[in-house]
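What follows is a set of structures to go through.
Paired with subunit B in one complex and with subunit C in the other, subunit A is shared by the two complexes that follow.
Our next item is the complex of A and B:
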């Protein structure tokens, strides 16, 4: 098997993820959660999980269902597992939100929402890990980029495991002391495992391959890339494994997390060097919008790291952790996600519509499915809003933050509209839009499994 | 002499690394016994039942099997390769340009087929597969055509569409009765394989 198929449900994951992004940005616009509420307030936790699970995790899972088979040159283990996993994750997120609302006293505690959330989210993530894990295990070769993804999936399991423990303790289902202690002090480990391990480390691995592919740059598998992988894994093992053990032994995990941060910083420096090399060594001089906007996301990652380096010695990191997490989540991860979605949606739509008639009839190019000049303004607005929002959070200017959140909402809405136009083939010239044998694609799922 | 083997993404192919130079430069793919006449090594490999194609590269020999399993084929192939190199016989009987159109190919028909293949575009790069350098070889003999091609990256979701698209385009050429499109990742595609026009299009200096 040389080629791999289209993942039937990837578009559905993307659609659900984008809805969650718009909901989260709307909530930030109306002042729901941090910074109007405390960082540990139920409102903030609702907002954070809509972003982390609803937007970023669904986006990443949908992308990996399509992309892991490409990375390891092996068909996806099961296309059927993707839909129950999606349903389970969405239902689990809904249960988690109800659980937080119960915590805030807005909803009666009749339903064991946290326990339900634990079961549903645990099942959903387990199905994704099982499906992707079996795909990787069946592969003959495991390229370096896919090893980042494997490490990311392990972190996803750790994040979900910790989250389930927290949910069971919050919901009163579990009262076992060590787990209660872990819930009391384990939040930083949960955040590092989720944002740093599952989402960022996976995104780094995927970006190695995507950037090389889209810019015709040499694929990197050398010492710096291996160093980034090994140091990154070491940092994550230290942060997650060491962090959990430290807490279970009733110690403060701060020192272990600082040590992990130092190792992680070295990994990020190697990653930064690699990415700069990819951009400089690219053969394609005129790069497309997704690669140009990915550079802004990478700049946001660099800015996040710089912010941590500046705030940490000043003893102000805890005060401004909200701003740092916001920049990582919306500048780096969401920025990269939106930029690559713009290309991936067009590419998958092209394959679905025009792949079957290739060689039989003239077909448009992937580039003909999009209008980059029109989409550019939404991306520029998005990144400017995120960066201004970060400054607003650092300055504790809540109202300015709400205005920037509104700008993010408008920009994301514009990008979503562009993606819908792509799925509708709206930008393809009428003469070549629907050659004989081509069907207009469905919005939410891929027709050719 | 120690000969290493290396699995390939396509399970029907296996790479053998004899630890010494096989070809001075380039690659040569031989698809049948007639073509193998230019290489004593390939000739002996084709004598093994189940060997469908032999690719010779700088330091490797890739075997494509027609049937059977590697457990049975591998010892015979290893034996032939070892005996050949131990005997000191040349790999090629005479110097032939690597990656050339195979003997017996009708150059006019091959040209028409390449023109037809220009209708097939790589969706990601938005340029035709011939000028991108994705078509490695076109072998046209009688009404039978064999297209040897690759994709920009192994595992690309467009692979099967590109393969069938190339087959559709080639079969539309008058006189073509049978088209066999074979995918290979030996050698791996690189932007340097593009035509001058394609390089100019992408701004590659």
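Our next item is the complex of A and C:
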């Protein structure tokens, strides 16, 4: 074991993901998709998949390529597989968008877009799962946090599997009845597997380690964390496995999903307790911007759960599912993603540039690569816009929502500009920016020094 | 217990004036449990014997026709290497001198522990040993130590919370010279 090196293509994943975020926010600003269009309209599906695959999944995949090796103390199985996986996912997303445009009648070319999307997205996600899976299998220790990630990857496979079935049925490639039935009723399972299993459960696992690491808090491996893992996995198995089986037997999956939600709620409560403990037990009193902003993302998660708990007994959850999904995707997942990106990009850039000369020449600190005071306003604007946007959706105020989407776009643009400045070492004092032997990093990929 | 050997010929690298140490260590790292290494070199790589010895390998060296050497490294205790590749066998620490410097980096914000260890190693003499306490396995430090030619041994203390690393200055570099 000689430690872990920089993942070469992680920055490329991050860049592609951020472009997708800006595109999605632009589309929301001009009123494309929900709420101006129906929740199941092709325009909304395009928007949702730009967010779920283009932004959140690429962000998560890029982060995991670097983070899974750190978690399990094992070099990444293959650095090379990361690039074809990225290409395949981007091309697959493009094909999926074309497929939805065909559904909407905006593209009348006769190309098998859905089938292509199925193949490309399937191979892209499979390459990522294979690469990370082999890394975990080769590892000698599997800490608790990485078990969340493994469960998350299994949910990613389930989400992609269901999505591919939907795409093949939509595209007319497959007419097998059970798959058509699944396509008709399986959307909630697809959403739960993707947002809840793949993105949220993985983010929870990663956050356990990142929060402990950046706040100097004790690693949690105790009963509450194990309970969160087991209950979470039980909820996901129930929702995905149970949901699919119920649908295949021509039953309404609502009851199974409710049962899964109850178990999932217990897991989330344990997670909430653990996270509060991490913030309280930290040794580092003054925490950095990423940990402070992560708290706002965690608050958004709590707010999403509270919203579900309030809407469900009122029978209004279906009416307001758009607002709930929006808050989960942008408040919790995107908020946490942007906050941690701010630290991770700085750290990886610092390690790439200055690691080789540490101790040999004066080098800047990681915090010298960023200007937190300047970035803070973008993060505050971002979260305020997301929360206002959620209220606008609940109140069906489409115009207000578009204005908040514009604010999100501006805030995200500001954060992206900060990330580019970090990557370019623009905030490092000129005297210490490039000591002898240090090369300026490339924007989109990392050297193996 | 040794089932198979991985062959590594560093003679082309050496003849081209190159530095095969990292290549050798990467190959050793990639060995499966129970696997050995068959190394071909242009000289008898004496220093490597102690470096790989510290990793639990025994060796047999024989001179080939033409003055080149073939060295076979066997995992002496296949079980101990399989159990923890990052942990040097406990009885092995006696062969290193007492640390000349101690660092307690457990309460430092990352990546300050790595910065301080690398800064300390730059100020030390070849052969000196540094001891540092950390609160997690320093995954990004280890490749940097290897690149700088330092040997290291590290493992968690029995409490499972403190990671203790010993760094011997230039020990790996001399092995490759």
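Note that the second predicted complex is superposed on the first by the 446 of 449 C-alpha atoms of A that agree within 3 Å, B and C clash if a C-alpha of one lies under 4 Å from a C-alpha of the other, contacts with A are read in each partner's own complex, and residues count from 1 in each chain.
We adopt the following convention: contacts are C-beta pairs under 8 Å (C-beta built on N, C-alpha and C of every residue); 3 or more make two chains touch, one makes a residue touch a chain.
Everything quoted here is computed from the prediction, not taken from an experiment.
Colleague: So if we stack both complexes on subunit A, do subunit B and subunit C clash, or do they fit?
Modeller: When both complexes are placed onto subunit A, subunit B and subunit C end up clashing with one another.
Colleague: Looking at A:362 after the superposition, I want to know if it touches subunit B, subunit C, both of them or none. Which is it: first, second, both, neither?
Modeller: In the superposition, A:362 contacts subunit B only.
Colleague: Please work out whether A:105 is in contact with subunit B alone, subunit C alone, both, or neither, and reply first, second, both or neither.
Modeller: The answer is neither, since A:105 touches no partner chain.
Colleague: Looking at the overlay, what does A:66 touch: subunit B (first), subunit C (second), both, or neither?
Modeller: first
Colleague: Spot which of subunit B and subunit C makes contact with more residues of subunit A, would you?
Modeller: B
Colleague: One more residue to check, A:315. First (subunit B), second (subunit C), both or neither?
Modeller: Touch status of A:315: no partner.
Colleague: Let me check the overlay on chain A: which residues of subunit A are in contact with subunit B and also with subunit C?
Modeller: Correct list for subunit A: 1-5, 69-70, 73, 140, 213-214, 216, 283-284, 347, 350-351, 355-356, 358-360, 363, 365-366.
Colleague: Where on subunit B is subunit A touching in the complex?
Modeller: 7-11, 119-121, 123-124, 126, 151-169, 172, 183, 185, 191, 202-205
Colleague: Which stretch or stretches of subunit A touch subunit B in the complex?
Modeller: Against subunit B, the touching part of subunit A is residues 1-6, 66, 69-74, 140-141, 213-214, 216, 283-286, 347-348, 350-351, 354-356, 358-360, 362-363, 365-368.
Colleague: Spell out the residues on subunit C that touch subunit A in their complex, using ranges where they run on.
Modeller: Counting only subunit C, the residues touching subunit A are 25-26, 29, 83-86, 107, 109-111, 114-115, 118-123, 135-144, 146-147, 161.
Colleague: Where on subunit A is subunit C touching in the complex?
Modeller: Touching subunit C: residues 1-5, 69-70, 73, 75, 140, 213-214, 216, 218-219, 283-284, 347, 350-351, 355-356, 358-360, 363, 365-366, 449 of subunit A.
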